[in-house]
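Across the two complexes that follow, chain A remains constant while its partner is chain B and subsequently chain C.
Up next, the complex of A and B:
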């Protein structure tokens, strides 16, 4: 048995630092942002100054405030989508794993089918038809990503079902519901945590990509929308505005995704049993 | 007998990698397909395609109102004010008939290659797709070639020196690379290479209004327009290629043939690239094909930034004009192509590698 990797690895620290910072910004947005992100508070395309830390966009909105409020959009969407996806995946995976039989077959086939669907084209279609509001996006992202969780949960449940303590609990008359609550779900926590982090980071990217394509609530404030407006501004590349309009929004998205990736990468060896079976290659 | 785990023989794949598309979806994973009968594979494929078609049909109809409402309400380019005209349009498109009849008509149309008519261009969607699809195929295949080559070289090097500084640096760099949104990388690439340095054209897939009399000139022009988008798109999935190659080659490292080669005194370079590198290549090639779905996602974004005249740009244009028939048609064609290629690759996998044909 290889020793358990340390819970606090540099990756975990870096990742939780980044995600934590975005979280703080998102929660404290009303206090931190100098202006209302929708208000016209300056001239068009003002360069960064003491008043406008990241300058203004083409209609004179404060870009720093937009990025600060954008953190709210990205993070709430990520947490909502990941939470829902993990919940569905857990429910379906545990049920299929414990009950088995025909249900299990149906679940497995469904997982295959849903995973085969390309995510962005489908999101674009739904976004164009139903509008790309926050709730719609959360629902669709969750519906597209739950199979990843469900498959892992199911296979873990299958191995847990054969463990001595679970068999003992069943032998003493514990019902399936009891076994699921008392023994299976707690043992699945690692998968759920790492899965949550991974889906959250994917959701941030998907939201940004959709807003970038112009599929977003036009009154919302989001990082992808800032990029969309900047790139649609004629001649953005020939003014110096790209340096404070385009780059910071891009880096905000990147750092958030990177934060989630580091967090996931740092937590995975601690949680994933496969890493402990001498898989140190 | 140990605990009945289903996962011990697989390489270490992380949950995170799976969600982010860094490892192949296990439903289609080569390791799974080896044990899966061909018939079930075909069945699963057919069900998926049918589901897609059905989704494509019912999605617009499940929305509040009906497709005609969506297309003719205020604010859309095709706004129709008169209620009587609207109901006439509805009748013309057969939207007043029962849903199942409509569905039958839709399937019959699809079988004839009829994807409806674009609202913006007023031409059949099939014609638009025929014009745009070759450009996307060119873009994606060039990007895949670049990604496979780059991921292969870096992966071999990393695995050869696993655990050392080079390996760690490469690993961190590739993981960081994967976190940059592709449309952001694309716009920075335009800024640096087209605007500041002026090496490549700003946008488009070829010089507009040019009359190519010389095929060589034409090829050069297309190539010049292709360099930036293809490389940016390649960056988008080179990470998964690298990770797979590295894992696959690490698996080869203890092999007898390498020991023998060393004993014979073969040069290190030859062992590394010609021997181990070639034997570890198969998962990478398979992965490249299975990752087409992610390539399609990337190409929508990359083509949008570069105004590259492919399917992705068509999707973007359709979004901006709320051109739903075109959007639905593109969606159907793209997913159908991806699924079919996935299916073919999965079926072919065992024939590619003589070692697992048994």
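Up next, the complex of A and C:
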């Protein structure tokens, strides 16, 4: 049998380091942030100084504070959306896998339809019509991404259903609920973890894209909104203001998404169901 | 046959594609010669071509253009009885002279001889009579900024070349934008068969007396091409071609295109000094500053909502909490002028000194305390006497302007919570017309034009429905004053009336003008250097450096066309 890939690999270490750093910043935002991100604490477009580490934006708000609080917005959205999506996907997938029959067929078709919908255009539509508040975004992203989880969960459930120990448990009188709780769901953990990470990464990008397009709540503080305001500023490239206003926000988004990607990439071979089956393919 | 491997094939294809692309680019650059029939022999030595930006300003007929920019384009094709040059005085244009009766009720215009329409037909006094009647009968939308004053009782032909206007009461603006100075004269033989002028967009209808003909117009993209009318009654126009190219996004897009060599002149407004620094340093370009008041952003209170918004003490306190001088410094690096609560900008002849609400947060807090809006100890949002929090939405059209965030902070200091809300333009217009708004940010233009004193009537009179009007504001004395100023021909008397009106609106502040961003026209001197800002605005309304008088004559004053070489 080929050895399983190690849990602690360069990719997972780097990934969890990046995501962990953003998580710490997000959680400790009130302590880390030098100023209230919406307060006008300096003159407009001040260069970075001891007081404002990344300078100020076009109306005099501290950019560093905006990025720190933006981490909270991005991560809360990512975790919320991914958590909800995984929960829905798990429920639907396990139910369809265990019960089978007509329900299974219906679920499969629903998954196909939702997967075919384009995410960003749909979010833009929702944002324009219903406003892009945090709760709305979490709901819509979750509703668009649960099929990915559900499909994987369902196929894995079908496989598990036929395992010897599951049939034995059912033979001894274990109901479907017992089997689900005791045997199926724990075996699904790897899929759920990698799925969670992928959706969280996607959610960060989607929120940034929406805010960048100007469809988010103007009273919120988010990385995408920093980008939006910087790029809407006439003559953003006429001075070096772009270097401390535009770049750091872009980096924040890139590094976070990269962190999630590394984490997911590092975990996937560890948790890939094929490894668990053994040498026989 | 030699075997071609994958790399060679890829390289070959990319190379071929690259050559094709370059070839196509070069080909489009070469096809600049006009291809329509009937174009004159162009003499190479005086081929003045102006490339301007601007975007889509509607179909340039007198009934379908969009606002100021569209009016200017339409003015290339159509003429008015009188027109302004750089002195700001009305110059005889289609009319060679005019007389005005002492009581201001009768005006007689004498038309020039030998003026022809683009299709060769002669201009007759009947065309003038028809033009005014047709404008009134068509019930044009507000985007058509030149509309005849409603007090024209009669227009009639009184001689082979004379037209007489009789007004039911004197109108101070008749010579400028309400009549002779702005209403385009259209051919009766073309428009008398058109039932709905606002939707008529057939290029064949564009027959005017003007110095230019529209050669092509691409809707949506906003590109226009005008060529000179060599039979123009003043002579062969100095500028031979005007190309309006589609613009980029943002206030500095035109400037970027100008410095890249794609345009010959560009307008820029609401930017910081560093944006203009490169243009100022470039000796081939000149920067022309326009009169302050070209545009304005104002904070509107909707009094119709009642509560604190209808309480003048609340509004006055808000005014004292907003530092308008700081707004200019913060947002434009000083390139602007703080707004005037009396609406008329400081440099205008009708400007009167009124209450300015100097910035004082302490005084503002005290005003709200005294007015009965308690605040919990330790700051936070105030409440009305009935316990409602002083929390309002600030509506603006997308993108939400930076000033909204500044206002949030300014009003937070006095315990008023403001929540900015950005919506798309059609939704914004709809909510404004339904008065479904609390606070809003509204932009206006042409504050310093001849229209200025009458603008007060359009904005503060309770019977008007202009988009920028003072919502829910009803003051009978202001209504009376604004009506009377329009009928007062004596300038001294009119100034007194307008001053009193400004005093009242500054005291009641249903609207707080926040700032007038500075506006500039930057142009390339070598191509054309006779740009000027028309005092009082082109046609008395449009604040711009784009005046056809300069294009036709190649000079800044008068109607004599400058001789060109060759």
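Following the convention adopted for this analysis, the second predicted complex is superposed on the first by the 274 of 281 C-alpha atoms of A that agree within 3 Å, B and C clash if a C-alpha of one lies under 4 Å from a C-alpha of the other, contacts with A are read in each partner's own complex, and residues count from 1 in each chain.
We take it that a residue touches a chain if its C-beta (ideal position, glycine included) is under 8 Å from a C-beta of that chain, and two chains touch if they have at least 3 such contacts.
Owing to the predicted nature of the structure, the values given are computational and were not obtained by experimental measurement.
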Checklist entry - Can A:194 be said to touch chain B (first), chain C (second), both, or neither? => result first
Checklist entry - First (chain B), second (chain C), both or neither: which does A:239 touch? => result second
Checklist entry - Looking at the overlay, does A:32 come into contact with chain B only (first), chain C only (second), both, or neither? => result neither
Checklist entry - Looking at the overlay, what does A:214 touch: chain B (first), chain C (second), both, or neither? => result both
Next on the checklist: For A:257, using the defined touch cut-off, is the partner it touches chain B, chain C, both, or neither? Pick first, second, both or neither.
Outcome noted: first
Next on the checklist: Output check: A:128 vs chain B and chain C. Expected answer is one of first, second, both, neither. What do you get?
Outcome noted: both
Checklist entry - So, does A:227 touch the first partner chain B, the second partner chain C, both, or neither? => result first
Checklist entry - Regarding the shared-chain residue A:120, is it in contact with chain B (first), chain C (second), both, or neither? => result first
Checklist entry - If you stack the two complexes on chain A, which partner ends up touching A:185: first (chain B), second (chain C), both, or neither? => result neither
Checklist entry - For chain A, which side has the bigger count of touched residues, chain B or chain C? => result B
Checklist outcome for this item: Both partners, chain B and chain C, contact chain A at residues 128, 214, 238
Item to check | Residues of chain A touching chain B in the complex | outcome: 109, 111-113, 115-122, 124-130, 145, 148, 151-152, 155, 158-159, 162-163, 191, 194-195, 197-199, 201-202, 205, 208-209, 212-215, 227, 231, 237-238, 242, 246-247, 250, 253-254, 257-258, 261, 264-265, 268, 272, 274-275, 277, 279, 281
Item to check | chain A - residues contacting chain C, complex | outcome: 38-40, 43-45, 58-61, 128, 214, 218-219, 228-229, 232-235, 238-239
Checklist entry - Okay, in this complex, where on chain B does chain A touch? => result 3-8, 12, 14-16, 18-20, 25-28, 44, 47-48, 51-52, 56, 59-60, 63, 70, 162, 175-176, 178-181, 183-184, 187-188, 190-191, 194-195, 202, 247, 250-251, 293-294, 296-297, 300-301, 304-305, 315-316, 318-320, 322, 324, 327-328, 330-331, 334-335, 338-339, 342
Checklist outcome for this item: The answer for chain C against chain A in the complex is residues 250-252, 270-272, 274-275, 277-278, 330-331, 333, 398-400, 402, 404-406, 408-409, 419-422, 424
